Amino acid sequence: MLYFENDYSEGAHEKILQRLTDTNMEHLSGYGADPYCSSAKDKIRSACQCPDADIYFLSGGTQTNQIVICSMLRQYEGVLSASTGHIGVHEAGAIEYTGHKVLELPQKDGKITASALSSYLENFYGDANHEHMVFPGMVYISHPTEYGTLYSKEELESVSQVCREYHIPLYMDGARLITGLACPEKDLTLPDIARLCDVFYIGGTKAGTLCGEAVVFTKQNTPAHFMTTVKQHGALLAKGRLLGIQFDTLFTDQLYQEIGKAAIETASILKKGFQEKGYQLYNDSPTNQIFVILDDEKMEKLKKNVVFSFWEKPDNTHTIVRFATSWATKKDEIKQLLSLL
Amino acid sequence: MLYFENDYSEGAHEKILQRLTDTNMEHLSGYGADPYCSSAKDKIRSACQCPDADIYFLSGGTQTNQIVICSMLRQYEGVLSASTGHIGVHEAGAIEYTGHKVLELPQKDGKITASALSSYLENFYGDANHEHMVFPGMVYISHPTEYGTLYSKEELESVSQVCREYHIPLYMDGARLITGLACPEKDLTLPDIARLCDVFYIGGTKAGTLCGEAVVFTKQNTPAHFMTTVKQHGALLAKGRLLGIQFDTLFTDQLYQEIGKAAIETASILKKGFQEKGYQLYNDSPTNQIFVILDDEKMEKLKKNVVFSFWEKPDNTHTIVRFATSWATKKDEIKQLLSLL
Amino acid sequence: MLYFENDYSEGAHEKILQRLTDTNMEHLSGYGADPYCSSAKDKIRSACQCPDADIYFLSGGTQTNQIVICSMLRQYEGVLSASTGHIGVHEAGAIEYTGHKVLELPQKDGKITASALSSYLENFYGDANHEHMVFPGMVYISHPTEYGTLYSKEELESVSQVCREYHIPLYMDGARLITGLACPEKDLTLPDIARLCDVFYIGGTKAGTLCGEAVVFTKQNTPAHFMTTVKQHGALLAKGRLLGIQFDTLFTDQLYQEIGKAAIETASILKKGFQEKGYQLYNDSPTNQIFVILDDEKMEKLKKNVVFSFWEKPDNTHTIVRFATSWATKKDEIKQLLSLL
Amino acid sequence: MLYFENDYSEGAHEKILQRLTDTNMEHLSGYGADPYCSSAKDKIRSACQCPDADIYFLSGGTQTNQIVICSMLRQYEGVLSASTGHIGVHEAGAIEYTGHKVLELPQKDGKITASALSSYLENFYGDANHEHMVFPGMVYISHPTEYGTLYSKEELESVSQVCREYHIPLYMDGARLITGLACPEKDLTLPDIARLCDVFYIGGTKAGTLCGEAVVFTKQNTPAHFMTTVKQHGALLAKGRLLGIQFDTLFTDQLYQEIGKAAIETASILKKGFQEKGYQLYNDSPTNQIFVILDDEKMEKLKKNVVFSFWEKPDNTHTIVRFATSWATKKDEIKQLLSLL
């Protein structure tokens, strides 16, 4: 069987696991007050060229979205998101659970535009009844998006500019950011992101850690007593070392770049392979998620040897499916898949 | 320096780490749908002699308390707890965050009594205004308690009996359960606990895992769509294997008993040592947390070589401090500490 | 100045105010345990031909929506609503504040269709990832809708049928129900609504009370300890008599029908007048809200003498505005308005 | 039958009802934007000698406590209250429902002391683990208290002083404030309260309105978009006039003083009567709630002719009961009650 259904099916990158083993019996303080957490934060600050950034480690993506969003919003505010945003669709209402509405913006390829954002805000404040409505208090974007696409620097700059104008923070969900950064087509660097976003996270789970996401507050804007909020959400790991050691390793000798590159390389071979064999791609994703339109017969046949993800049905006889690669995907597996097509 | 400040200062037990390494490159399904989670659940069911138990793995204790309690309570209900209960004091209001009040019961040595519980409930339902008050909808106990003490079988049976009478579930916070089970003075076994409680958790973090707690619903009483609730709380790990593999190892060849015994052995040597040297114990904790009343001068001197935890000040010249042992504590460290006293 | 901006600009219908005065010095129990509340409930049960209905009085519409919805949903569920539903747009996130997502359905003239509902539910349960999504746990409709339209009996029966199939309750927001019932074009009676909905409310505020809405649970399905939930939301009036006396009067000698009829009569004269004078109606609302497309110049002129509500802008030179009548609108005011057109 | 069970058993003071009737057919803007609300606010500002105060009208006490507290606290904060505080006991968990813990302070006669408050805060910030605990973010007091007692000016100044030191707001629940102000023993005036508290409310429901409480933010410290928060809680009445007209009348020609005085006069006759007849008062309440210790036989006999409230049982043969007077209590009723004793 060949596995392409996601990018978190293996354990940890071997260097990360080795580091956990090497440090295992060291006696360390709990709750993130250990030297590995500090060191990891320093390395991330440096990679972001953002020496003042405040950094926190959490365990998973939904947890991170929930805590960041609800700690930055005021009670009467909601968060703006593309209608396809992960927070609005596949997080079981984690944002609403904290009392906040996800306000939908139109999307294209999983991305919002500065002009749609601007219209929304202008209309909102122009509406005489807006005091009876949820105030837009934050903008959420994912990069890469749920459709594998990337914001260009120009696009992010425009969105960021609108946020500045309206004094609302811009938050980037970077569950797959490390892969996005490794993409040759990418336009945005870590320092760009740190400059343009008020807060973002660098996902570990989909980039070779066992678990863990690094939240980066870039503008000395960490909500007061953020650690207490993390605890209140049940998200403060006693053995904070588990996160610190993994991120410290990820940012040592650019391991994160190596991990991202590996996923992109196999993805681009696969993408080219699909195209050469005449398959129709659903969109032009430059990252490690490739969306293909299969006719249903073909799909059923392929299923016998390959695991991939159902995405949606464009019509009665075709299906959009997703193939994901990761740091753990072997070129040989790609070869086998291509020979099956 | 000698470290006795808690039981979660090292990484994982070596067998657990080894197992993570051995299975690292296996391709496994996410979100807990992997064979290690299944196998771990089977082993726990068997250790509890509770073949129908539903078991879920979560990451930490506060998270577990929050999710179990809020998913079992109805909106208008609160949870009864000893006034010293962890949920009421040291979880940053995690229960209240979900909309539920922690209703305090009087405690002795961290334990509640069936009679105090019974009085509370009788008074509540006898109060003509109780429709204006928070309904008691669950009983929370910790075992071992925050003071290292254990419920006897008789005590737990009585508390459980009152819960049955009033049709409210009994929930045990077993953050240190594995250590409690290994204690020669213990009266309660895992099957007793599974029989008498409606739900409880077996803590991994304080018993040699990197993270992880196993929630056991014992009466086919899992709240509907519990997994969705877990996701809604941001507590569903993509790499569920991290928890499954660790718990599977913990319950293979009784490793959990070995781990518990190790903590208890060093604790009992230490306890006897304190007593022989004329130190006054604050209470008669039979588990791995030893509470000692130190005169402040002595305490300051000891601090130079030993790390321990401040508990409370009984008067102006003395302090109650806690020494905790764990599976990782070496007998030699105990010897060194005793020679310093 | 002529006032047509809403249907809650005057105080109470004179009979209601008189009754409040007549009973003012009676010594009555608080919190709804007075004979007027009982009598009002009996009269409503009888008007609904639903002898088993449980009835509660609350103060306002948003409060009612919030409490009914959150007390009937489980934690992991959201409420389905037309995208134009009041709960999703103009209630400041009151539903999300209680932790629940408003799940949008497509609408036409403010109404949802059984087939769109059915599709949504089928897709949801057909989605392999639905455990990561918000469960649809209730259907919210408004009748009359935010656009003044009414469900036909056939439409409501179909929607109700889908709800039965999926075992989710159907909830009708009847803020303007009394007016809807008085409409000659209406197809649905109170007994129909009680039979087809699991819960609905009869709005008082927009039908001549000072405040107050009557919630009707039709299927012996009142959430447990509903009164405590009402208290928990700060919605239990000490002087419950204020609501009981008003609703008792509203349902004495069919006053509610008289009130509804008065609003409809003036509205239909006005509507005909608009049509005769060649104005374009935005939709064919049969109730007391009339939506007219005005050219902007005309609108500005009219504003000098008439108060009405801005609705939306269909293009750059026109505006959709709303004229609302009520029990307090005088025929002479209609005449004056028509002569201004 | 004689009724002394509470101070909200009649409708409205006749002048208030008359004013509602006089203004009934005036066409007024909704949601509090009417001239009566404005005028009422001006009169309250003036009575408080606090020209900058922001004033909002809400419907009931629990609603007011819930909205004021949750809008002023940050997510990680709780509210300090006497253990007997209404918010902690008889509001069905309304504060916890908004995610915030009620942190208990010791009480005497329903009051907290500056020194107990100061100790709590000092201990909290002195605790090395306080980041894992609920932050004290507000102080709640009731005046008169649940036991009918009053803070002296010195007491309130000291409590206020501690709040200033720790930068946490002081909030007074004035459900019965109007009665407290009318008490000859009272030390605190409305301007004192406005000066010493950051926010407080003046209760209408227990002082002759049909419903309604006036929240006063005294330090230009209204939470941003407070009206939207009110709406989000379902607490924004469409016919805001109902509250505005009542409070405007209450503060016209010092009606509120007249109403308070009436309640106090009958209470003091009653209190003296109890004392003269040798009854034991439970405490020395100077306001309109009188707590008497009755032997149970006597109590049962009295119940046949008088309605009063059960409070608590000090021993097996006695009961503490409460007699409440109000603006509507007639001197003749007092005479009849005394003759029954």
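Structure notes:
The first chain written gets the first letter, and so on, giving A, B, C and D; residue counts start at 1 in each chain.
Convention: a residue touches a chain if its C-beta (ideal position, glycine included) is under 8 Å from a C-beta of that chain, and two chains touch if they have at least 3 such contacts.
Computed from a predicted structure; not experimentally measured.
Any chain that touches subunit C and also touches subunit D is listed here: A, B. A count of C-beta contacts for the chain pairs B-C and A-C puts A-C on top.
Seen from the Cα centre of subunit A, the chain whose own Cα centre is farthest off is D.
Subunit B has its Cα centroid 34 Å from the Cα centroid of subunit A. Chain centres here are Cα averages; for subunit B and subunit C they lie 50 Å apart.
Subunit A and subunit C have Cα centroids lying 42 Å from one another.
Within subunit B, the positions touching two or more other chains are listed as 75-76, 91-93, 97, 99, 131-133, 228-229, 231-232, 236. If you check the complex, the residues on subunit A that touch subunit B are 3, 6, 8-12, 14, 17, 20-21, 23-30, 59-67, 91-94, 97, 205-206, 210-211, 228-229, 231-239, 241-242, 328.
Subunit A meets subunit D in the complex at residues 70-71, 74-76, 99, 131-133, 135, 224-225, 227-229, 231-232, 236. Only residues 75-76, 78, 89-93, 96-102, 128-129, 131-134, 310 of subunit A touch subunit C when the two sit together in their complex.
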